[in-house]
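Structures follow.
Shared between the two complexes below is chain A, which pairs with chain B and chain C, respectively.
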Partner chain A sequence: MRPPSAWPRHVIMIVVSILMLIPFYWVLKTSLTGENIYAYPPRLIPADPHLFNYVDVWYLIPFPRYLLNSVIVSAMAIAGSLLFNVAAGYALTKDFPARRWIVLLLLSCMLIPFQATIIPAYLITSWLGVLDSWLGIALPLLSTIICIFIFKASFEAVPRSLIDAARVDGLSEWRIVVRILLPLSKSAIATNVILTFIWSWNAFLWPLIVTRTPEMQTLPLGLARFLSVMEDTTGALYAFVVLVLIPGLAIFLMAQKEFIRGLTSGATKG
Partner chain B sequence: MSWRVLHHRFVVVPLALVALVAAWNLYIAFNDHGILEGQVRDRAGAPVAGATVIFFERNAIYFQEKVRTTTDAKGDFRFTGLQHHVGQLEAVTDDGRRSDRRQVRLWFRAQDTEVAPLIVERRS
Partner chain C sequence: MTWFERKRTREMALVACFLLPSLLIFFLYRILPLGWNVWLSFHAWSPLKPAKWIGLENYEEMVLDDDVFWDALSNTLIFIGCAPLAIAAALAISLLVNSDLKGAAIYRTIVFLSYPLMTVAVGIIWRWLYDERGGFINYVLRSAGIVDQPVKFLQSFDLALPSVILADFWQILGFYMIILLTGLQSIPQHLYEAARVDGVPAHARFLRITLPLLRPSIFLCIVVGILNSFTSFDLIYVMTNGGPGHATELLITYIYKAGFGQTRFDYAAALTVVQFLLLIVLTVFANRLSGGNAGSLER
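Then we have the complex of A and B:
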């Protein structure tokens, strides 16, 4: 019996993909033309496209400063989350009293929305003296429970005998993590990096609360400010959106394979 | 550290972006004197000497006059030290002829640019 042709499935997937990509295409097209997005009938092919809207964005608002803030905050969040999530994930693979309760506590904390904890988070940040700073903006993302469990699942997938052999060879706990576990957990690392990057890059509410000066604002805040001060700038506004999207898309495309693998691993073994 | 790590896409892509940005900034550094030049002609294509050329800068809402200059005997004009990336140009002669307002959009602030000739004609 002949296997069923793959063409119908591919055609359906192509059509669905096109439907999913249409909003992105529309944003890109509007950024290149500046035409009214409510124009009827809608024009699919951009008329007289140009890149000058991107130049406008660069100069009309302090875009380089916002970009720098976003990049530094994201880098700090990624570095901090890797350090703390790896440490916490490794600790949760150990047997110790109340481990089960700690896991339950962490899981239950995942149910609490961030908005509900924002006042204590603000008070702690203020107490640490890092309000209106890069560290203050990155602080809530320095450790995330989801990523702790992703690392825990990934570390638990490593054969116990390998860790025991490393211990017999005299490796300390940190060296076991760095030399044995992390090289075998690239998917978890990629997932942690991408998730933390997306969360910190798109964060709006926390940076809005914790920053006090325009110089410390990040790109999403810049977008809101851009909307509030400019008029009739459809093209520039959409160009701004594209510029905000590009770094996240680039990182996702670079680490797509590891990202999907890491999420799947976390889903099946967590 | 193995040199193979340099071939990883997480290294290659950021390095390529950094190189691109550096090259672009180098180009800007050599071409950002704020020179804007061109020529004023009449409908027959003859250069117009003594025409006033006005540069309008854009603020948040509208365009307002920033600076003006006069064409030389060959009809050429030249602005220097402009710190804009967008503006408008218009030429006016003493006998009442004027050109269309030409939109000038540049790739970066103070880019050295030569614009197409401004054509002056009598308008009703």
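Then we have the complex of A and C:
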């Protein structure tokens, strides 16, 4: 197993890392430069770095409005999915007649990619009367099957005796969940929050279909719109890209373990 | 009613209340749409017309008269067919960073860093990298003297699809790596030790131990790669919007255009049915290839 030296492997991985990081550097460099970004040859290091492009983002486009929409949609998706996933995950720890069938149903639902449902999903959302609204954008994300199973597994790991003791003390079912189970499931909560945030923050196709007015557009839609209106003639576009990427990257770097755990448990179960 | 029965009924009511919201969402956004798609695909329907049964007409049009459908289908298959290249690269990387290499965690983070990004932003970043004047790729190619004139990657009929696929590789490579690393870490170390004691050379250890035991993870990567041809809508939309011509049209972008560009919901539904069948057939096929029991992977 142990090759004679680790250096060849380091060299390969350093090259791979540099290749993977170049796109990040290139967009960051472009967002910080004040010169004509179309001049050839492009500078590898910005000659006179400044933040004008970032200021421009606030004035050229309704950035605050996009941000507000994205934040509200993500907050709704996170709050809703926590509530519904915790409830469903707890229900699945109980013993009831149709349990096996419901687990099977959920597992097979996981095989239906959301992208394969867009036409009827649009018609259903229109029938519900929530097109072009925050709720309409957040609705499909209000419950996620992966996270239901993560909560179920986490709740099942809590000793029965603890739950029985709480029940003897007269705690209601909902209180048992909130007071006993949730404090012991911090990692499952983190996974749910992170995954739902990333999914709702990055979602593009669904908001593109559901929104009608520019006032309801989220950040990814704003980004695509900016691209088509400005025909990428300005460095502000790249400042916008950097601004939009920061929250996702920050959350990922802070909670890498939970994030990867959620993704792999989703992948292995799906 | 005894006390026990009453308690049991109360518990059943609780279970129902707790499950109902989630089940309702999955019914509305997964199960109902699936059936509705099939129903729509056999009808002529638009929001202002009553539905009329037309049998297979939508499918006939697709197969016989619609060149764009065939373009989209072959591009989708090329897109999926290229996934093994990325998976092989990810496998090489995960073998390198799996063992006792110092700083492996940093390498892993860097390779994975592009996966959680917003795909629309990834599309814009790569559009810019491919740019004729300000783009990094043309700059390198020209400085190294490989090309004289800037290459119009995204406007070229031949290069547009590979260019988009490369951008997609950059984003998804880390995800494949994570899946494969999880698989590698579940291989018992004593197998390698036993093989080493027996004097089995390194490449044989890889072929006889690592690869067979990694099959379920590789299957997962392939499924992710197949699904990725659906989720790459965002990337195509900002990078080429299916162009030039229909050189980068995927089924998912064509479904969107048919449904929301031309308001032909019935035809778009038929396209969706074809795409979904393709997904199932390819998944079953991949499952066969990987030994047939990959679906049983459950940790």
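Note that the second predicted complex is superposed on the first by the 212 of 270 C-alpha atoms of A that agree within 3 Å, B and C clash if a C-alpha of one lies under 4 Å from a C-alpha of the other, contacts with A are read in each partner's own complex, and residues count from 1 in each chain.
One rule holds in what follows: a residue touches a chain if its C-beta (ideal position, glycine included) is under 8 Å from a C-beta of that chain, and two chains touch if they have at least 3 such contacts.
These numbers were taken from a predicted model, which means no experiment stands behind them.
Participant: Going by the touch definition up top, name the partner, chain B or chain C, that contacts more of chain A.
Facilitator: Comparing chain B with chain C, the partner touching more chain A residues is C.
Participant: Pick one for A:Ala75: touches chain B only (first), chain C only (second), both, or neither.
Facilitator: So A:Ala75 meets neither chain B nor chain C here.
Participant: Figure out whether A:Val158 sits in contact with chain B (first) or chain C (second), or with both, or with neither.
Facilitator: After superposing on A, A:Val158 lies clear of both chain B and chain C.
Participant: In the overlaid three-chain picture, which partner chain does A:Thr30 touch, first (chain B) or second (chain C), both, or neither?
Facilitator: second
Participant: Report for A:Asp56: first if it touches chain B alone, second if chain C alone, otherwise both or neither.
Facilitator: first
Participant: With both complexes superposed on chain A, which partner does A:Leu67 reach: first (chain B), second (chain C), both or neither?
Facilitator: Neither partner.
Participant: So, does A:Val130 touch the first partner chain B, the second partner chain C, both, or neither?
Facilitator: Neither: A:Val130 stays clear of chain B and chain C.
Participant: With both complexes superposed on chain A, which partner does A:Pro140 reach: first (chain B), second (chain C), both or neither?
Facilitator: A:Pro140 sits against chain C, while chain B stays out of touch.
Participant: Once the structures are superposed on A, label A:Leu171 by its partner contacts, choosing first (chain B), second (chain C), both or neither.
Facilitator: Neither chain B nor chain C is touched by A:Leu171.
Participant: Which bits of chain A are touching chain B when the two form their complex?
Facilitator: 50, 52, 55-56, 59, 229-231, 250, 254-255
Participant: Give the list of chain C residues in touch with chain A in this complex.
Facilitator: Of all residues in chain C, those touching chain A are 11-12, 14-15, 17-19, 21-23, 25-26, 28-34, 36-37, 40, 93, 96-97, 99-103, 107, 109-114, 116-121, 124-129, 131, 133-136, 139, 142-143, 170, 173, 175, 178-179, 182, 192, 196, 220, 223-224, 227, 230-231, 233-234, 237-238, 252, 255-256, 259-260, 265, 268-269, 272, 275-276, 279, 297-299.
Participant: Which stretch or stretches of chain B touch chain A in the complex?
Facilitator: Interface residues on the chain B side: 9-10, 13, 60-61, 85-86, 105-109.
Participant: Along chain A, where are the residues that touch chain C in the complex?
Facilitator: On the chain A side, the touching residues are 1-2, 6, 9-10, 12-13, 16-17, 20-24, 26-27, 30, 37-42, 83-85, 87-88, 90-92, 94, 96, 102, 105-106, 109, 112-124, 139-140, 142-143, 145, 148, 173, 198, 201-202, 204-205, 208-209, 219-220, 223-224, 227, 232, 237-238, 241, 244-245, 248-249, 251-253, 256, 259-260, 263-265, 267-270.
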